[in-house]
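I have a structure here, written as structure tokens, and I will follow up with some questions on it.
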Amino acid sequence: MTAMTREDVTAQILTAKRQAGLTWEGIAETIGMSPVWTHSAAMGMNAMPADKATALVTALGLPQEAALLLQESPTKVWEQTIPTDPCIYRFYEIVGVYGPTLKALIHEKFGDGIMSAIDFDMNVTRVENPKGDRVKVEMSGKYLAYNAW
Amino acid sequence: MTAMTREDVTAQILTAKRQAGLTWEGIAETIGMSPVWTHSAAMGMNAMPADKATALVTALGLPQEAALLLQESPTKVWEQTIPTDPCIYRFYEIVGVYGPTLKALIHEKFGDGIMSAIDFDMNVTRVENPKGDRVKVEMSGKYLAYNAW
Amino acid sequence: MTAMTREDVTAQILTAKRQAGLTWEGIAETIGMSPVWTHSAAMGMNAMPADKATALVTALGLPQEAALLLQESPTKVWEQTIPTDPCIYRFYEIVGVYGPTLKALIHEKFGDGIMSAIDFDMNVTRVENPKGDRVKVEMSGKYLAYNAW
Amino acid sequence: MTAMTREDVTAQILTAKRQAGLTWEGIAETIGMSPVWTHSAAMGMNAMPADKATALVTALGLPQEAALLLQESPTKVWEQTIPTDPCIYRFYEIVGVYGPTLKALIHEKFGDGIMSAIDFDMNVTRVENPKGDRVKVEMSGKYLAYNAW
Amino acid sequence: MTAMTREDVTAQILTAKRQAGLTWEGIAETIGMSPVWTHSAAMGMNAMPADKATALVTALGLPQEAALLLQESPTKVWEQTIPTDPCIYRFYEIVGVYGPTLKALIHEKFGDGIMSAIDFDMNVTRVENPKGDRVKVEMSGKYLAYNAW
Amino acid sequence: MTAMTREDVTAQILTAKRQAGLTWEGIAETIGMSPVWTHSAAMGMNAMPADKATALVTALGLPQEAALLLQESPTKVWEQTIPTDPCIYRFYEIVGVYGPTLKALIHEKFGDGIMSAIDFDMNVTRVENPKGDRVKVEMSGKYLAYNAW
Amino acid sequence: MTAMTREDVTAQILTAKRQAGLTWEGIAETIGMSPVWTHSAAMGMNAMPADKATALVTALGLPQEAALLLQESPTKVWEQTIPTDPCIYRFYEIVGVYGPTLKALIHEKFGDGIMSAIDFDMNVTRVENPKGDRVKVEMSGKYLAYNAW
Amino acid sequence: MTAMTREDVTAQILTAKRQAGLTWEGIAETIGMSPVWTHSAAMGMNAMPADKATALVTALGLPQEAALLLQESPTKVWEQTIPTDPCIYRFYEIVGVYGPTLKALIHEKFGDGIMSAIDFDMNVTRVENPKGDRVKVEMSGKYLAYNAW
Amino acid sequence: MTAMTREDVTAQILTAKRQAGLTWEGIAETIGMSPVWTHSAAMGMNAMPADKATALVTALGLPQEAALLLQESPTKVWEQTIPTDPCIYRFYEIVGVYGPTLKALIHEKFGDGIMSAIDFDMNVTRVENPKGDRVKVEMSGKYLAYNAW
Amino acid sequence: MTAMTREDVTAQILTAKRQAGLTWEGIAETIGMSPVWTHSAAMGMNAMPADKATALVTALGLPQEAALLLQESPTKVWEQTIPTDPCIYRFYEIVGVYGPTLKALIHEKFGDGIMSAIDFDMNVTRVENPKGDRVKVEMSGKYLAYNAW
């Protein structure tokens, strides 16, 4: 029986990427998906459709079995309730500071409901600015209305 | 001595808004700021410049003392480490699932650093979509590079 | 300015219900909704449409202002991360024991996605059984597929 | 002495299932039990009667020793107080939002007591719906009345 | 509308007991129940049948409304995950040290299942002993077998 | 130098017991101690006197070194503040619900003090009952009075 | 009915002490007990015998009812799992750093058991020292051996 | 490169001590230090001066490299915020119950400040007592006054 | 008896400061202490010597009783284990990121010991910088060497 | 594929440093950076520019691959929310006690904003003092003003 795990696949992807001097943008372009989704799926936070999994495995020279594992629905786990890495913490802080505001404005614009984190996409871009370039993060999620029955 | 607190001002704003049938979009337009920032400052998560505080107090018919309190630098507190409200939790979940991806792409595009949550702005819009309208959230924060010394 | 809060409305509902000797089933029937949703909205865990809020306020003899508050989108808060009440804990335990099973079967039947807790309904019934009557809980939520982009 | 553990058996089941291209529904049918219970017992969250353990071991071609381990009473452990996986979290959220409602209605229909999570069964089905198929989860647990002595 | 709460009733019971110089044993005897159950129901951790609630209210000279509240199904809450009071902590410690042993012996004597904490009773007695008197605690709960389906 | 640890001894005991088809009751009888204490000491939650350690090691055919380790004073550790296993959780729940009652009755019967969890013994028995057999747990601990100085 | 609580008595003691310019040493001497025990009982962490409660109430000019409350067995609660006050934290730190050492030496000197925190006394003294005076804390607790049965 | 770690040294000390049948008192006498400090440093909670490290390594027949590691300044870590072992927990309990008392008496005897846990020593002795021998723990720490500037 | 508490004094100071349009720098200068210490003592995180307490009370026009309370040794409490306010969190983050570095360099420069947080002072200054002004924080604490005995 | 990790590099640095008898000051001087930054980057809490990574690898005789890993942007993780090591805890305590003061003075000197922990540097020095040498820690971070939009 095989012992290859999802963690093995992630490690193989990272090593192959480092050795080949690739970028996430480049890998994403190769398989025809966005960089955000590509990184996320490579790290085991999203499942890949079969063709994308095969394309990734081929591009990085991984064993075929890896393509099967990349298609499985991963259990999404994060171990730090409050992230310590400063780059990630800042997003946690934004949710803490602006979470009630996001809620109030979604309710004002749509009614009683939420933004889906499942039917969701996101991208990150660099915006030039004379006072210092800026990170732009755009999220888009389907509005879901609460049911009343 | 006066006993008016920041919490009193928030409560007065909410009551005045409900009684006058206003929206956050409308209030924001009245004081010439964005809805996100206006709600956030009204809730005590941001400090208001003097002219905006005065404009808000005038628009809602609050006592002048409220304008002073709105200008003070608030201590930003959130009591739930993990928010329970579903609308806010989804944003926490996005940070958990996509946090490492945001970090990887920021590093790829900018170098070793972070997106500021202080020199930061955000807006929320409704995007029509035949499969169901979508919530669009755009964040923009200044890139800050780690110092080496 | 008024000082009536959502908590006040909940307390008024509970008192009126006790004094009139009503049941949740009866109240739900009066306003034409299910008992689960009716109790949940009365407790401040769901927002009421205007007609239902008015019907409830009329049925229980509450002040008209309560109808406005019942229509506001409530912030859903639970204070005990792990509930202590034995009746509620058992459901937490079911999620702990059977959560991975629910995930595996949803993935097997639908693909990579989740059951919505927003586009969702639930009902509780009593099932007679010679070995002891049973509680039947039926949940139904829309399947949401993860997006790939 | 043997070193086979319950975790080994779980891993062997998952690998055999993947290599043979089986489904939980199919495995469950083979051993004559429900898919929910079969997955749960295979994952080490329920003990198997001897005949079911033997049937499973035979069907998947596992060593006989695995059948003994599948019959042992497992210690049920979940490591995340609040589950992070979105598919499982939604059920946690339902308990948070609707837990007090479930309690109130059980008390109204039965008296002072709880729904057992031990004398309990559950099933998951796919319900077609033109607005999007729905996940249906049905739970049934014996009502247990509090003792007074 | 009345504002009497379950906490009010508990406070009235404690005050009446102190002023009348009663004991829990005595109160329990008066209403014909055990001391453990009587104290527990008086503290809001169990609901009282109507006749017992009336008997208690009469014995202590409380208002009739208290009898209604004593019959409601209380939400059982404890605020300290790990109790600090040394007398209570020792029981928590016993569960920590001997919990796996209780589980192993219940499984050995009964099969895969648990001792119910709902269909349950307990009593406390003083046992004379020349080396120092001992506290004897006897618990009895119905065995519940896990269901397989 | 030897590398045998207390965990190794526990694992050897469990394997030997399974392979020999023994029960805890039987092992306890063999070494002339109670089942509760025998299981607890075998699991590393109590230290064994030399003669009992030797008797256990002989009965199960373990290496002599194991007898030395069984005599060492173990550090008692439990990793889950709130146990998740349903069989153990029910005892935690009993402490939460009835802890204040145990305290009140101990104080009423003995004075200001506690029941020792050190000078302590416990046994578990099966009690036949036409409505379903019951688990009986009897605890006995020395009363310890608070010192005043 | 009276509404005086244990917290009221503590507050009255502190105020009376401040207004009369007393010290804990002085109060302790007046009632013939140690300063440690006197402060602890005054703060609601120990119960007072009747004569000491009367002596304290008389010395500070408190109402007689306070003497009854001082004799009740208090529930000992501390709200900060890890104390923040630096003076108290240092003792927590000592338990963290030297706890395993205390355990090892108690076992070496006495056998398998513990130092009681109930049959316990403690005193604090100032020791002059040319390099800076030192705080001396002496604890004495009865050794309790684990039971084997 | 060497792979010996501080944990290796601790394990070697424990094994050598067990095999040679030594006590902490005996080891401490051999190296001319107190038993408390000797155990603490051997367990990696204190750093050893070079001569003491050499003496310990020689006495127990450990490799010379161990002496270097014993001199390094260890990071003091304890993993259980609230210790579960009953022998250690009792000291945690003492800090919880008597912490405010220690603070009040230190302030009364010295002024606003603390007892140092760094310039600190402790010893444990057995005190014979006809009612049962007692554990005596004596702590001495330098008084440190808060600075005002 | 008086009911003035330390929290009352803090509130009075803040109100008087706001109404008089004072700054912490100005208040500190008035009483002849540093701004850091002055703010800290005013907030109840340090005790004031009698002359400074009197000076503060006089300068702000507070009642004389406040001066007594300002001299008491406060219990230092912070309620958020991890601070949420971004300005304070950044300092927590610095301790997380650079804590091991501070430890390593203190050990390299001084030996095995710590920097005191009691015999400690700190100041904050603004440093002009063409790329953006900088906050400078200087801390100074007495080195304390671990004792060996 | 290579299996060298960032943890391997850290371990190699520590071993090489110990074997060569180097200090952090010395290593920092060799690569022309500060000791604080050098230790931090060596421990995996900061990324190194290519020339510094090469200089470090050369100075310590590490494999070239290590230089690549030292340039990667590390995920900054600390596992103890509240550090237990006394040397690090004291800095946590300073943030707890003086955090609100730092916030108040930054706001007074700069306006509504924070000190950056990213555009940040720090150094540690030993200051001789007849009453005992002192640790001086100087932090400097860019002031960042909150945005209003």
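So that you can tell them apart, the chains are marked A, B, C, D, E, F, G, H, I and J in the order they are listed, and the count of residues begins at 1 in each.
What we mean here is this: contacts are C-beta pairs under 8 Å (C-beta built on N, C-alpha and C of every residue); 3 or more make two chains touch, one makes a residue touch a chain.
This one's a predicted model, so the numbers in the text were calculated from it and none came from an experiment.
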item	value
Those chains which touch chain I and also touch chain G	H, J
Centre-of-Cα separation between chain I and chain F, whole angstrom	50
Whole-Å gap between the CA centroids of chain A and chain B	24
For chain E paired with chain G, centre-to-centre distance based on mean C-alpha positions, whole Å	30
Between chain J and chain E, distance of the C-alpha-averaged centres to the nearest whole Å	55
Per-residue overlap in chain E, given as positions that touch at least 2 other chains	36, 75-76, 78, 82, 84-86, 93, 96-97, 100, 103, 107, 113-114, 116-120
Chain contact topology (line, ring, star, complete or other)	other
Which pairs of chains touch, using the document's own definition	A-B, A-C, A-D, A-I, A-J, B-C, B-D, B-I, B-J, C-D, C-E, C-F, D-E, D-F, E-F, E-G, E-H, F-G, F-H, G-H, G-I, G-J, H-I, H-J, I-J
Sites on chain I touched by chain A in the complex	82, 84, 86, 89, 93, 96-97
Touch list for chain H against partner chain J, complex	1-2, 68, 75-78, 117-118
Chain H partner contacts - residues on chain J that touch it in the complex	12, 15-16, 18-19, 80, 84-86
Complex contacts: residues of chain F adjacent to chain E	23-25, 35-36, 39-40, 43, 45, 76, 78, 81-83, 85-88, 90-110, 113-117, 119-120, 122, 124-127, 129, 131-143
Chain H partner contacts - residues on chain I that touch it in the complex	33-34, 36-37, 41, 46-49, 52, 73, 75, 100, 103, 107, 111-114, 116, 118-121, 144-149
